[in-house]
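You will see subunit A twice below: alongside subunit B first, and alongside subunit C after that.
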Partner chain A sequence: MRSQRQRLAYILLAPLALFIGALTLYPTAVTTVEAFFREYSLVNNHNFVGLKNFHDAFSTPAIRQSFVNTGIYVLSGTVLSVVLGIAFALLLRQRSRWRAPLLALVVLPWALPPVVEALLWSRIYDPTFGPLNGVLKSIGLISHNQVWLGSNRWEALVLIELVQVWQTTPLCVLLILAALQLIPSELYEAGAVDGASAWHGFRYITLPLLRPGITIAMVAAITASLNIFDQPYILTGDASASASVGVQTYLVSFQNLNFGEGYALSLIMTLATAAISLLVLRLVYRRVEF
Partner chain B sequence: MPLVSRRPSGRTRRVARRWGRWIALVLVVIWSLFPLYWGLSTSLMSSGAADSLPVHYYPHPLYLSNYGQLLNLQHANLGTLPYQLRQSLLNSTIESVGTTVLTVFVAIFAAYAFARLEFRFKRIILVTTIATLLLPAYATLLPLYKLMTSWNLVNTYLGIILTNTSGFLPLAIWILYNYFQGLPKELEEAAFIDGARPLEALARVILPLSLPGIAAAAAVTFLFSWSQFLFPLILTTDLRSEPATVVIAALYGPRLVAFSLMAAAGMLAIAVPAALALLLNRYIVSGLTAGATK
Partner chain C sequence: MGLALVVPGLVLLVAACGSSGSGSNSSSNNSAPAVNLKHPGGSITVAVAYPSPPPALLQQFTKQTGVKVRWVNVGWDDLQSKIVAASTAHSYFADVTDVDWSKTGEYYKLHWFYPLNRYFAISTLSGQMPQLSSFVDNGQLVGIPMDASFMVSTMNTKQFTHAGVTKAPTTIAQYTADLQKLKSSGVNPHPLNIPLQAQEGLSTYWYETTAAFGGHVLTAQHKAAFTSPSSPGYKALAWIVHAYKSGLVPPGNINMADVASLTSNMAHGMTASSLSEYSGDLATIYDIPSNSSVVGQVKYVSTPTASGAPAPNLGNPDGVGIPRTAHNVAGAVAFIKWLDKPSNQALWAGANGGKDAITGFPLPAQKNATAILASSLHGKSGIGDLSQLLRDSQPVFQNGAPPWYSQFSNAVYTNVHAAAAGQESVKAAISAIAQVVNQNAP
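The block that comes next holds the complex of A and B.
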C-alpha cells in the first residue's frame, strides 16, 4: 500500500519533472557552463575560454552602461512599488462594499501585457501631444514642452521604470494587503488605550508586523526591475542610454549573434536575481506570530 | 469641561480624515486607469484629431473607424496590417489557452502528490520546484532557443506552449498545493473507506471542491501567457505563431503607423486580459497571494 502510493506519487510528478528538468534546470545548467566557452552561433567552434566572455562584455561601454541603468531601474522601481504598495494597501484596508470593485480596478495594470502598457505610456510622455506636458503646463510647473525620454538620461530611466512600477504595484498591494489583514485589531485598541497616535500605531504596530508581506513585495519588485525588458525595448528601442542588461543580452545574442557574451550576461542576471532575492529574504524577513 | 470642548474638533477631524481617505482613493483609481483611459480615448479619434493641438482630453465626435479598419469591417488602406493583427490575436488566444490547459493539468497531479501523498525526497522536489520561481527568463533564454531550434519548434504553437508551461508551472503548483492543503482530509478518508483509490478521491472529492483554486491557477497562467514578449520574440519569426505582443511591438517600433491606430490595436490586444481580470478578480487576488501569509 505504502510503496504503491509512493509509486503513484512519482507517476503524478513525472510530467512536472520532465518540464522542470528539461526546460528549466537543464537550460539553466547550460547557461552556467556555456558562459565560460567561446561560442558564436554561426561559427561552431567551442572551447573553454575562462572569463573571456565576461571580460569582453564588460569592455563594451554600452554594456557597462546597461548595468548602471539596471541599477537605477531596480532602486527606483523597488522603492516606488513598495511605498505605493503600502500606501494603497492601507487605503484599501477597511472592509466596505467598495473594496472589491476598487481592488479589481487597482489590479488591472498588473493583468495587461507590458508591451501594450509601454505603448500607451509612450503617448503620455509624448513631447507634443502627451498629457504629461499638458497637465504640468496647466498647473504651471513647466513653461514649455519637455522631451521626456530623450534629453535627461536619469529622468528617462525613472520614467521608463515608472511604467513598470505601474504594472508591479498592484502585486505589491495584494501581498501587503494580505499581511495587513492578519494584524488583529485588538493591538490597535490596546495602543489607543495607551495613548498611541495614528502614526505611532503605524510605526510600532503595522510596520513591524507587515515585514513578511513587505519582504515578498520587495522580492517581486526587485526581480521584475532587475530583469526589465519590455518597457525599455518598446519606449527607447536599442538606445544604449536606457537599455537594461536584459535588452543588451537580447541585442548581443540576437543582433550581434555573440552567444558567448549573451550566456555570460544571462549568468550574471541569474546569479544577481537569486543572490539579491535571498539577501532580502534574510535581511528583511522576520517571522511574526500573533 | 475639557472633554466637552474637545468633542467638535474630534468630529471635524474624523470628517476630514474620511474625506482625505476618499480623495486618496480617487487618486489611486486615476493612477490605475488614466493610461488606459488615455489610450481608449485616443483610439476613438481620427489621426488628425489625435495629432492636433490643443490636446484633446476626450474624443469628440466619437470616431470608430480605427476599429472598423483593423477588424476589416470597412475598407482600409492599411495593407496587411489588419490581417497581421487578427492573426496574432488568434495566435495569442491559442497559445494562452493551450498553456493554461496544459499547466493546470500537470499542476493538479503534482500539487495532489505534494499535498496528500508521502514519498521520498518530497521536500527537496517541492522546494526545487518553487525555487525555480526565482530564476529569471535569462537563465533559460538562449538554451531554450537552441533546444526549440533543434526540435524544429520555432514558429510553432507547441514551442511557445511548452516554453510557457515550464515557466508558469511552479506558481500554478504553489497555488493548488496551498488550496489542497486547506481542504479537510476527512472527506477523502471517507471515500477511502468506501474503497476509492487515491486518483478516484482526487477526481470525485478534491477536484469538485477545488474549483476556486483551479480558477485562480488558470486565470493567473492565462494572463502571464497573454503578456509574454521576450520568449515569443526569439521563438517566432512569422505569423504562424507570433502573438499580439510581438506584432504590436514590430508595428510600433519604426513609428510609421498613426498613434490613434496603434492605440486601437493596443485596445484590441488588452480586451481579453482586461475582461478576464475584471471578471475573475477574486480568483486572481487569491492566486497571487497564495501562501503569502505564511
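The block that comes next holds the complex of A and C.
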C-alpha cells in the first residue's frame, strides 16, 4: 500500500521534475560546460579554452566595475530591505482598520513589473520635470534643479538602489510578517509579567524567533540584488559607472556576441547566488519551535 | 524580477537551444533558395522597428500576392536582441526583419540572413538607392534599404534670429560662437542638443561630429583613425565633452537618449540646435502641432565643419532582410519588393499626409519615391533641403561597418558618456575605444 502511494507520488511529481530538468538543469549544465569553450560568435571555432573566458571577463575594467557595483547593490539592498521589512511588519502586526489597505499599499511596488517601476522612477528623477527636484526645492533643500542620474557615480548607485529597495521591501515585509504572526502572544505576556520592556521583548523574543523569516527575506533580497538588471539598465542605460553584472552579461552576450564570456559571467552569478544564500542560511537561520 | 531574470535566463536558453552557442559560419551553403515569385502565397511575419502601415494597404498586398502579413512592431534595441537570440538558437521568429546599416558586416560574417542577390540586382538598385552600399559586404546583399535615414543638422531659426544670428554658421568655430551667443544673450541657457546617455544615439552623434571635423572614425581597413589629438575623431570627442562641461548642453542630457532629447528638448524649444539628428524629424516631430511647440521654426542646415567646406551627412538607414530561419522566403521576397516600391515608399514618408504614413519614417529609400514625396509636400517640412543633403550623404564607414561594430559602438558610447560625466578624461576615453578597435581589427 505504501509503495503504491510512493509510486503515485513519483508519477505526479514527474511532469514537474521533467519541466525543471528541461528548463533549469539542462541549460545550467550546458552553460557550465560552454563557459570553458571559445564562444565568440564572430570566430569560427569551438575549442576548450579553460579559464580564458573568466580571465577575459575580469580583464575588462567595465566588468570588474560591475562586480563592485553589484556588491554595493547586494549589501545595501539586503540590509535596507530586511530592516525596512522588519519595521513595516511590526507596524502591520498591530490590528487596526487601516491594516488591510496599508498592507495592499505596501505590497503594490512588489506587484508592479520592475520595468514599469524603473520607468516611473526615471520620471521622478527627471532633472527638468521630475517631482523630486520640485519637492526638494519646495522644502528648501536645493535651490535649483539637480541632475540626479548620470553625472555622479555614487549618486546614481544610491538612487538605483533606492528603486530596488522599494521593490524588494514588500516581499520582505510579507515574509517577515508571516513569521511574526506565528510567534505566540503568550511569550510577550510572560515577558511583560517579568518586567520586560518593549525593546526587551523585541530584542529577546521577536528577533530570535523571527530568524527563519528573516533568513528567507535575506535570501530573496540577495537574489534580487545579485540579479539586478531593469533598474540600472532603464535608469542609466549602458553606462558602466552604475551597470550591474546582469547588465554587463546582457551586453557581452547579446551585443558583443561573446557568449563564452556571457556563459562565464552567468555561471559566476549562479554560483555566487547559491554560495551567498547557503552562507546566510548557515549564519542566520535557526530552527524555531514554539 | 522581470528582466533581471530574463538576462541570465536568455543566456541559459540560448545555451539550451543552440548548444554550440554561436552557430556562426555553420552554414556552408550561402546561396538563397529559388522561389516562385508569381504566386508566393502563404503567410509571413514581418518584425521591424516601425509601426504598421494602414491595414487596407497590407490587404492590397495580400490581394496581389496571396501572402498574408503579420506585422510586429518591436522597439529597435529589443529587436536586435531578438534577432541575436533567435539566430543563435536557430529558431524561427520572422520571415522579414530589420537589418540595420551597422549590422551588415556582422550578419555577413555570421550568415544569419540569406544573401538577396538572387532576387535583387545590385547594379539596378544602386542607381535608385543611394544608401544601398551600406547593406553590401563583399558583393553580398545582406539587406535592402527600407528608408534613407541619414544624419542632419538642425537649427531653431527663431531663437537664433532672436539672439542676432541671422545666417547659418558654416564652420564649427562660428557654430560654437553662435551657440555661446544664444547662451550669453539669455535666449537659451543651454542651446545645444547632444544626447549623452550611454546609448547607440551617442555613437552616431560622434560619427557625424567627426565628419564635421573632416574625417572618419575608422580607416577603410577598419583601423582606429581617432587616436591622434590632431585627428577629427579626437577633436570631435573633445568638442562634445567641452560643449557639455561649458554648459552649452542642458545638464540633464547626460542621461537622455537621442529620441527623448529631440521630442522633449528640441521640440519644445529647450534646445535650439542639434549638430546631428535624423532626417525626417521636421515632418515627423517638429512640424506636428500636437508634438511640438516650435512648428515652422526648426530648419535643416548644412552641417558646419572645421574647414567651412560642406560636410558629408552620414547615412544610418534601416533595411530589411530575410533570416535563414524564415518559413516563407518567396512571400518575404515579394513583400520586400512591395515595401520598397517607389509609390509605397512615398506613402510611408507622408506623401498622402498622415493617412498612409508610417510614424517616424524618415525618407524614402528610393530616389523616385523622394521625387513623388517632394511634389506631394510642395516643399514643406524641409523636403527640398533633405533631397539635396541625401545626394551628398555618405556611409559612416567607407568599406561598410566592421563585423565587430556592436562591440565598437558600445565602447564609443560608454566612454564618450563617461568623459562627458567627468568620470574619465578625453584621452582615457579615446584610449579605451581604441583598445576595442585594436583587439578586433584585422
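Quick note on the criterion: the second predicted complex is superposed on the first by the 274 of 290 C-alpha atoms of A that agree within 3 Å, B and C clash if a C-alpha of one lies under 4 Å from a C-alpha of the other, contacts with A are read in each partner's own complex, and residues count from 1 in each chain.
One rule holds in what follows: contacts are C-beta pairs under 8 Å (C-beta built on N, C-alpha and C of every residue); 3 or more make two chains touch, one makes a residue touch a chain.
All values derive from a computational prediction rather than experimental measurement.
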item: Subunit A as common anchor, with subunit B and subunit C clashing or fitting; value: clash
item: Partner chain(s) touched by A:H55 [first = subunit B, second = subunit C, both, neither]; value: neither
item: Subunit B versus subunit C as contact partner of A:Y233, first or second or both or neither; value: both
item: First, second, both or neither for A:F88, with subunit B first and subunit C second; value: first
item: Which of subunit B and subunit C A:F37 touches, first, second, both or neither; value: second
item: Touched partner set for A:L149, first subunit B, second subunit C, both or neither; value: second
item: Contacts of A:L251 with subunit B and subunit C, given as first, second, both or neither; value: second
item: Of subunit C and subunit B, partner touching more subunit A residues; value: B
item: First, second, both or neither for A:I124, with subunit B first and subunit C second; value: first
item: Touching partner for A:L102 - first (subunit B), second (subunit C), both, neither; value: first
item: Which of subunit B and subunit C A:R286 touches, first, second, both or neither; value: neither
item: Clashing subunit C stretch [against subunit B; choices 8-16, 98-106 or 368-376]; value: 8-16
item: Set intersection of subunit A contacts, subunit C complex versus subunit B complex; value: 22-23, 26-28, 30-31, 34, 113-115, 126, 128, 223, 227, 229-230, 233, 237, 246, 249-250, 253-254, 259, 262-263, 266, 269-270
item: Partner subunit A, residues of subunit C touching it in the complex; value: 1-8, 10-16, 19-25, 80-81, 84-85, 88, 106, 109-110, 196-199, 250-252, 254-255, 257, 264, 270, 403-404, 406-407, 410, 413-414, 417-418, 421-423, 432
item: Complex contacts: residues of subunit B adjacent to subunit A; value: 21, 24-25, 28-29, 31-36, 38-39, 42, 50-51, 53-55, 57, 106-107, 109-110, 112-113, 117-120, 122, 125, 128-129, 132, 134-144, 146-147, 162-163, 165-167, 169-170, 173, 198-199, 223, 226-230, 233-234, 244-245, 248-249, 252-253, 259, 262-263, 266, 269-270, 273-274, 276-278, 281-282, 284-285, 288-289, 292-294
item: Residue ranges of subunit A touching subunit B (in the complex, touch as defined); value: 2, 5-6, 8-10, 12-13, 15-17, 19-20, 22-28, 30-31, 34, 87-88, 91-92, 98, 100, 102-117, 119-124, 126, 128-131, 134, 166, 170-171, 174-175, 177-179, 182, 212-213, 216, 219, 223, 226-227, 229-230, 233-234, 237, 246, 249-250, 253-254, 259, 262-263, 265-266, 269-270, 273-274, 277
item: Contact set on subunit A toward subunit C in their complex; value: 22-23, 26-28, 30-31, 34, 37, 39-44, 46, 61-62, 113-115, 126-128, 145, 147, 149-153, 223-224, 227-230, 233, 235-241, 246-247, 249-251, 253-260, 262-263, 266, 269-270
